[in-house]
Structures are given as structure tokens and as C-alpha cells.
Amino acid sequence: MKAFTYQRADSTAHAAAAAAKPGARFIAGGTNLLDLMKLQVETPSELVDINRLPLDKIEETPDGGLRVGALVRNSDLAADSRVRQRYGVLSRALLAGASAQLRNKATTGGNLLQRTRCYYFYDVTKPCNKRNPGSGCAALAGFNRIHAILGTSDHCIATHPSDMAVAMRALDAKVETVNGEGEPRVIPIAEFHRLPGKTPEIETSLKPGEIITAVTLPPPPPGVHVYRKVRDRASYAFALVSVAAIVDSTRGRIRSARLAFGGLALKPWREPQAEEKLVDASADTATFGAAANAVLDGARGFGGNDFKIPLTRRTLHSVLAETTRT
Amino acid sequence: MEMNSPIGPNALDAQGVVGKPLDRVDGRLKVTGGARYAYEMQQDNVLYGFVVEASIGKGKIKSIDTRAAEKAPGVVLVLTYRNSPEQGTGNHREAHPVLTGPEVTRYGEPVAFVVAESFEEARAAAYLVDVKYDRSSGKYTLRNNLDRARAPHPKDAPAADSAVGDFAGAFASAPVQIDLTYTTPLQSHAMMEPHATLAMWDGDKLILHTANQMLNQGQKVVATTLKIPVENVRLISPFIGGGFGGKLWVNADAILAAIASRQLKRPVKIALTRQQIFHVTTHRSDTIQRVRLATDREGHILAIGHDVFSGNLPSEQTYEGAALQTRTLYAGANRLTRHRLAPLDIPVASSMRAPGEAVGLMALECAMDELAEKLNLDPVELRVRNEPSEDPEKHIPFSSRHLIACLQEGARRFGWDKRHAKPGQVRDGRWLVGMGMAAATRGNPLLLSKANVRLDPDGTATVRMAMTDIGTGT
Amino acid sequence: MDENEPITIEITRRTVIETGTTALLLTALPPAALAAGPSDGNQPPPPSATVTLQINDRSHQLTLDPRTTLLDALREHLALTGSKKGCDHGQCGACTVLIDGRRINSCLTLAVMHDGQSVTTIEGLAEGETLHPLQAAFVEHDGFQCGYCTSGQICSAVGMLAESRSGMPSYVTEDLTHPVAELTDAEIRERMSGNICRCAAYPNIVAAIKQAAGTPT
């Protein structure tokens, strides 16, 4: 871990200004950042501790939604009675992630910003275009079991590991930020994470010195909420494939559905064409298959992760069957 | 002392201790955080060490530049092959020399050891050591190197091969045959406590607080490696956070700490990082095993064959003895067991939790299960029909053997006679439920052992033995 | 047979699915927090930070390298070695402590981030000679073997029971909208999944926790 100077931010504006300096990083929960700093994947020269900022509330919004402060801990967000009642998919997704100790420390903002768990990203002696642009991608011809099947490029096939982000994507969340001048911005979550393209080192739409202050959730859409996570262990493991689903149906007829997928790409994956196939559709194998085809259009495996394609198909079928069971 | 008959009831049985539940003697210490493990022994003036691993599988260090690391805050020493002392040699059970030269023989081999005033400084400086390599091609995959596998000859170990009768002929002519190949993956002990050592010298006497399961052995290995008399080496290991075979032998942490401590004349401690443990210490080799069983139509084994491939560094002869217990478990007049070791450029393979038995019995018992199915015979009955009356290869009597009685009692208790022999017949909600069985055997080598007993006037007897119980048993 | 002649083997598909008291407590003093480099040629140490921590109801002021995790502050600077380093990356739970009553991995947080906060470690659970009910239950149910995960298990269980009492759901909770009624085995295992035990004392750990939770075993 490289040496750094440590300071505590006493206001959001101070934090944003401090973080505009190159080599500066916010630290909130720190459960991803410190993990990476110990291996020198992250080497900030300055840490700006934002834990004392007043960004830890969950509040109702005028339109019947919820605003979640960036520093709300994952466990608190999952346990909040309003989230449990109205945004069950988000609560389940949060509870599916990490361990209790980590959920107690991890924050909303930090969860969105956590970085990939690609083995080669984590090893500074190996080529990685995300960590070291131009050095190559060791995962393409290496061990790529946990890697992406959608939205990949020749430069990077990593996945985003968050469960919370997948549920938030299904809920059409918006990320609120503020910069050093105090100027606010709203970034729809669909635009928050970037696919690798030719620049895998650029992971989000945030600008230097911009700090996430909150995530707002619109009023929840109607339907049954499910977060299904398929992984190697029953608990405390990342998703191989996950599905956040909100499915509105009656007596075997689907009115509408929202589907977001984790474990498949460097951002939560939503495919409008798949959701279209479910509008006013009969809840049967043919419909589920058509939706899966739409999601998996263009999917490709890299040898170690080919299984994710049929696994996604079956998981989606199972989730749709579960949510439409009469 | 002869051991030709069972000991029978005696004074130890009357004490009411053997066979009764007992709170662990060290229980209170362990639940209050009071048990101190190697890295936790309190010591003034201690320095912290950190290993730098080779990041290639095989080759040579072309250059190693330690200047930035040496100048880094808090750093007092960077050891490489250029400034390490000459050490004794041998296989991993005899010696553990470190930083011996520019050759890289396996991934993760230590290439430098950084010592600093604090852990944070040592770790940061380790990343400043700049190593450039000339890579050579290596051989890493067992399955691709079977043609290079040979019979191993480790010291003090059973012969790699055994043969009784005419296996090939008996197998070929038998009415019922099973011929199956199984593979098991490489396994790591992954005990909770990383390997750790605190080393200090008192003149020319070395004291090592180290996580080690076999202290007498470790003492000799350290002495051999550092070229000092064995009586000058003391190993202290009252608590170990798990071993499972991974802390049987001396590892690089102990030797690196000892060398650095001697050079710096200060205590040095080091714990391997979790990531480093997988490369710097031993593991169980993967195996490829071919089991061949042949019987008459009633399921009596006529021929039993078990071939095992495992891999290890070319300088090591330790192999995974997966067929050793096949030599004693079932009867059969014609027998062949063979072990072949492939030289691979991988970290050292050695003992892990039931070495040989764990993976070998898996293969043998799966094959027996397939055989029972082919014969349409109850798997328990198959064992009954093949229970040997004496050791089937050595032809000497068992002192006692109750496998069949255990199987029959187990069958009774588990309701074996109510089971569905055909898989996939029983549902419990979303689950398909099945019932199977397997037998197992483990060698129990008897060695000379010593105890020292002191009897005090108040009637207290204190017994001392060179025995380790690391909490998981021996 | 010729040991030097290779055995040929054809690999078919049968692949297994891939997967004291001690005599020497040498000194009681912890090492100095930050010594200067011993040789003139070394760069100076990085600027240190001061932090005040309440640990087990005692106040400690420490001057530390900011990189020092809370775990290493406890172990290397305060001689509180009860909390264990199993992985240093938040993956095993052996370092679990309680901050203001909440369980966290002390290896993945910096000591300096907790200025003014209250930390409870395994050493702070007993009251004098009287063991905390969880500690006593672990001994009674033999919830450990090597003991290295034990501190983390017990601190984690203390935190877990508090969470459960406050109504925190888990991934296996059937109905999220109702407070959790009962700590079943499945709930305990899920809630404790951040604590690994390689000696596999899990059945006894669950029994110990159930006893301490007041649930019949």
C-alpha cells in the first residue's frame, strides 16, 4: 500500500474540491478501496474520508419515491421498512451481496463505484487494460470463468460485481452528484457505468471532483419483486448470473416486466427488446424463451464462461415462471 | 514391548475420562482471544518481513533491482539470491533453502525478502523491488505430461508399485469388468492462520516461534538448512491456526526470518499473505486415476487394479499415494497398484488431510459403486462378498477388523433396506434425494514414541510427550 | 514390470466436479509505533496521524502510519492479538470486531477512520472471570478446534444477535415485510456466512449460537 495523506472532509463541497486533485480518492466504507490498495491496484496519494458528511438519510420524495443518501450503509438500506415494503428487489439484492460485516460498512455510493473482481485486474504483475491501458487483457485467453458475455470488447471482458446496482437498474434509479462548485447533476443509472470499448479504464460517467450525494428511486412499478442470484456457494459469493425482476401479471398473462441482469457485463444489463416481448404476453415457455433470446442476442463466451449463456436462459425462465405463478 | 493382543480393560478406563465429553483444556484461552499464535508472540524491537514472489512459472531472474526498496522508509534489509548465505540442501522434508540463485523453478517462488520497521513499510517496499525475468517454457499440466511420469522413490515410503498374481490375464478373462478413470483437482489446505514465524537469535542459538505441526522434524530441517547444530535450534508452537498437513514441513517463512534475524541481530517476524500461501507452501497434487475391477458373476473380485498419476517438482519424490489403501481394503487374488509421478514445474506437492486416502478412496469407492450397479448387486453385499480374511497383499492377519459389522450396523441405522437403488426416484420438494455408501481405510503406522512421567508427592502425575494437537487432533 | 516404461492411460470423462498457557510471553510491551529508518539513506517515513480509540472501555491515543488498518492497530500497536488476520481482505471474518455495536471486518478499515469511536474486541466480552454467554456456549458446545476463527465467530455472533433483535432480515428470510420471528439454523448460517471455519466446527458453532440466543438446541 503506497503512502498517502489522510484528511477528513467536513463538507460535501470541501470533499468534491479535494477529490478534484489527481491522485485523490474518496474513502467511505473502504471495503473495496482498501482491498485494492493493499495490492497496489489502487494507489491514491491522498485519501479524503467522507464518512462524516450528512449524506446518510433515506427520505421520501414528493413523487412517492425514495432518496437514498450516498453514505447509507448497505445493511441499513436493505433493512429499511420502506425499502422492504416497496422496493423488495433492492432489499433482496443488497442482502444477497457480500457478508454481513461488509454490508454494515459498504455504502450506497461505494457499492456503485466498486470495481471488477477480474483475477488479472487484481494482479499487478499481469497485463490489464483497465489498470494499465495498452498492456493487454490477460483474461481473453486466460481463466475467464467469471467474465462477461455481453458488452465486451477486445480490450476488456470484465464484469461489474454489484447486486445493488442491478436492482437499481431495474428500478430506473438516478444518481445525484455535486461538484466542487456545488453544481448538482443527475445521471440516470443506465448511463452511470460505462462499457469497456477501447477505454476500459474509464468506468463511470463521473467527472473528477464529482461526488455522489444520493440515489433516487422513482415510485416502484407494479409487480412481483425477485432477485435471483446464481453462484458457486449458497452465500457470500459473487453472481455468476443474477436477475432482478419486477413482473406484473395476472392469471398467466404478463402485463409488463422489468429485467436487469448481473454477472453478464461491465454494467447491469437491461434489454428493452426482451421486456417488450413480455408486454401483454402469455406466461409460457415460448414467451420466456423469446425474452431470453432477446437478452442473449450477441452474447459470446470466451471459453471459461460459455456456460453463462445457457445459465442465463434457464435462470430467466425460472424467474419468470416464479413471478407469474398463479 | 510386543503388541500381539488387545490391551483389555485397565486402570485408565476406571478414571471416567476416556469416552466422556470434556471441555477443551485450552477452550477458555481460545474464546477470550488469549491463545497466542506464532505472529502474536510479544517481542520488543521486532522487524517485519514481506516476501516478493516470482511472477513467472519458470525461468531465470535477468535482473533484480532493490535500490528503491532499500531506500524506502523504514527498510533495513532486502534479501535476494545475491546476498543470501549458502544453505543446506535436500528435498522439502529435509531442508528448505531460500533465495538460492537466479533460477525460478515455480510460480510464486520467493525472489526477495524485504525487512522493515513496520508491516506497512515492508509491504510497500516489496512492490518497489524491480525484477525482470527470462522466461522458459515450463510443464504445468499433469494431463499433458503423463508420458514423462515415472515410479517415484521417496525415502521411508512404501513401494510405488505392488503386484500379486496375474492382473492382466485375470482381468481380461473375467466375465464382469469395470474400467474407469477419475480425476481430482489440486487442493490447498487453506487453514485459517497464514504460515508465520518470529525468529530471534541468542548468540548462536536460534529461537523460532513458528506455526509447525511436527517440531522435532522442523528442528532438524532448520538446522540442516542453516548449517547449524540441531541443539542450537528451538521451535516453539503452542497454538497453530490449522495445518491439515500444510504446516508439517518447514516453509520459506521460517528460513527467511531466521536468516534476516541473524544478519540484522534483531527479531524478525513474517506472516505469508493469504495469496502467497497458495504458491509458497505445499499443496495436494491433482491426480488422474484409473481403477479396474473384474469379478465373477456373483461379484467376487478376481482382479483389482489401481493406477495413479500425480505431479511434483523434478527435485521431489513425494507422490499422492492414492492406491496405497487399495492394497488392503478388498480381497482379490490378482492385484496391481502403480503410482507414477510426473515432473512438473509447480509449487511443491506434499501431504494434505488423509494423503492418498482422500482422493484414492474416492476413486476406488466410486468404481465399486459402478461395479455394484453393473452386477445388480447391493453395494453393501458387494463389500461383504469381498471382505478379506487377512491382508490381501501381505498375507498377514489383521489385529482386528470390523468393516462388515460397521457396514451392517450402518445399514440398519440408516434404513438401507428401504432405499431406492435406482437414482432419481425420491423427491423432497425441489430436491432429489438418494442414499449411497462407501468404505474407507487409513494406514496407522506405528512408530517409536517416548513419554516422560513425573510423580509428585501429592499424587499428581505429569506426563510429557512430543505430541502435537493443534486443536484438530494430531 | 519396468518402472521406467510409461503407463499409458486414456482419460475419459469421469471427472470429479471441480473443488496456554504458553511458556514464553517474552515481553508485554508492544513495539514502538513508528521508528525512524535506521540508515541515513532511507526516505523519511510518511506523515503519521493521531487517533483516539475507545477499545473495550479504555481510551487509547495512537500515532500511526495512516495505512495501519484497525486490525493491525489492535494487533501490532496495542498487543490485542485476539482479533486475527486470516486473509487481510475481508474474505474470512477472523478479524471481526464491533464498532459502536456493529460487526465489521477490522482488516478493511483504517484505524484513523474511527477516531472517537467505540471498539469492542474479543478481549472485551468477558466481565472479569465471567465469560460472555456466547463465549461460554462456544466452550460448552465445542464450537472450535484450532481456535483461529473463534474470536471473529464470537464477535460476529454478538453483532448478529443484535441485528436480528433489531429486525434485520437476511437473504433467506421468507417474507421481507415482517420482522424476523425465529433464528432458524438456516438464518444463523446465512447471517454468519461472513465467518469461515476451516476446521469445520460449523454444526457446533450453530448450536452454541442457538443456545446463547435462547433458542432450544
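Letters are used for the chains, namely A, B and C, taken in the order the chains are written, and counting of residues starts over at 1 for each.
Here is the rule we go by: a residue touches a chain if its C-beta (ideal position, glycine included) is under 8 Å from a C-beta of that chain, and two chains touch if they have at least 3 such contacts.
In this text the structure is predicted, and so the values were computed from the model without any measurement.
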| item | value |
| --- | --- |
| Of B-C and A-B, whichever chain pair has more C-beta contact pairs | B-C |
| Most centrally placed chain - per-chain CA mean versus overall CA mean | C |
| Averaged-CA centre spacing for the pair subunit C and subunit B, given as whole angstrom | 26 |
| Whole-Å gap between the CA centroids of subunit A and subunit B | 41 |
| Two or more partner chains touched - positions in subunit A | 1, 3, 38 |
| Contacts with two or more other chains, residues of subunit C listed in rising order | 46, 65, 67, 88-89 |
| Overlap residues in subunit B, where contacts from two or more other chains coincide | 73, 120, 124 |
| Subunit A to subunit C touching residues, read off their complex | 1, 3-6, 27, 30-31, 34-35, 38, 47, 49, 51, 75, 78-79, 84-85, 88, 91-92, 95-96, 98-102, 104-105, 234-236 |
| Touching residues (chain side subunit B, partner subunit A) in the complex | 55, 73, 120, 123-124, 127 |
| Sites on subunit C touched by subunit B in the complex | 1, 3-4, 6-12, 14-16, 18-31, 34-35, 37-39, 41-46, 65, 67-68, 72, 75-76, 79-89, 91-92, 94, 121-123, 125-126, 131, 135, 138-140, 142, 144-151, 154, 196-199 |
| Complex contacts: residues of subunit B adjacent to subunit C | 21, 23-24, 26-37, 39-46, 70-76, 117-121, 124, 143, 146-151, 160-161, 163, 180-185, 189-194, 209, 236, 238-244, 271, 273-274, 288, 290, 307, 309, 338, 340, 362, 366, 470-473 |
| Contact footprint of subunit A on subunit C as seen in their complex | 46-47, 49, 65-67, 69, 88-90, 93, 96, 102-105, 108-110, 112-113, 156, 159-160, 163, 166-171, 173, 176-177, 189-195 |
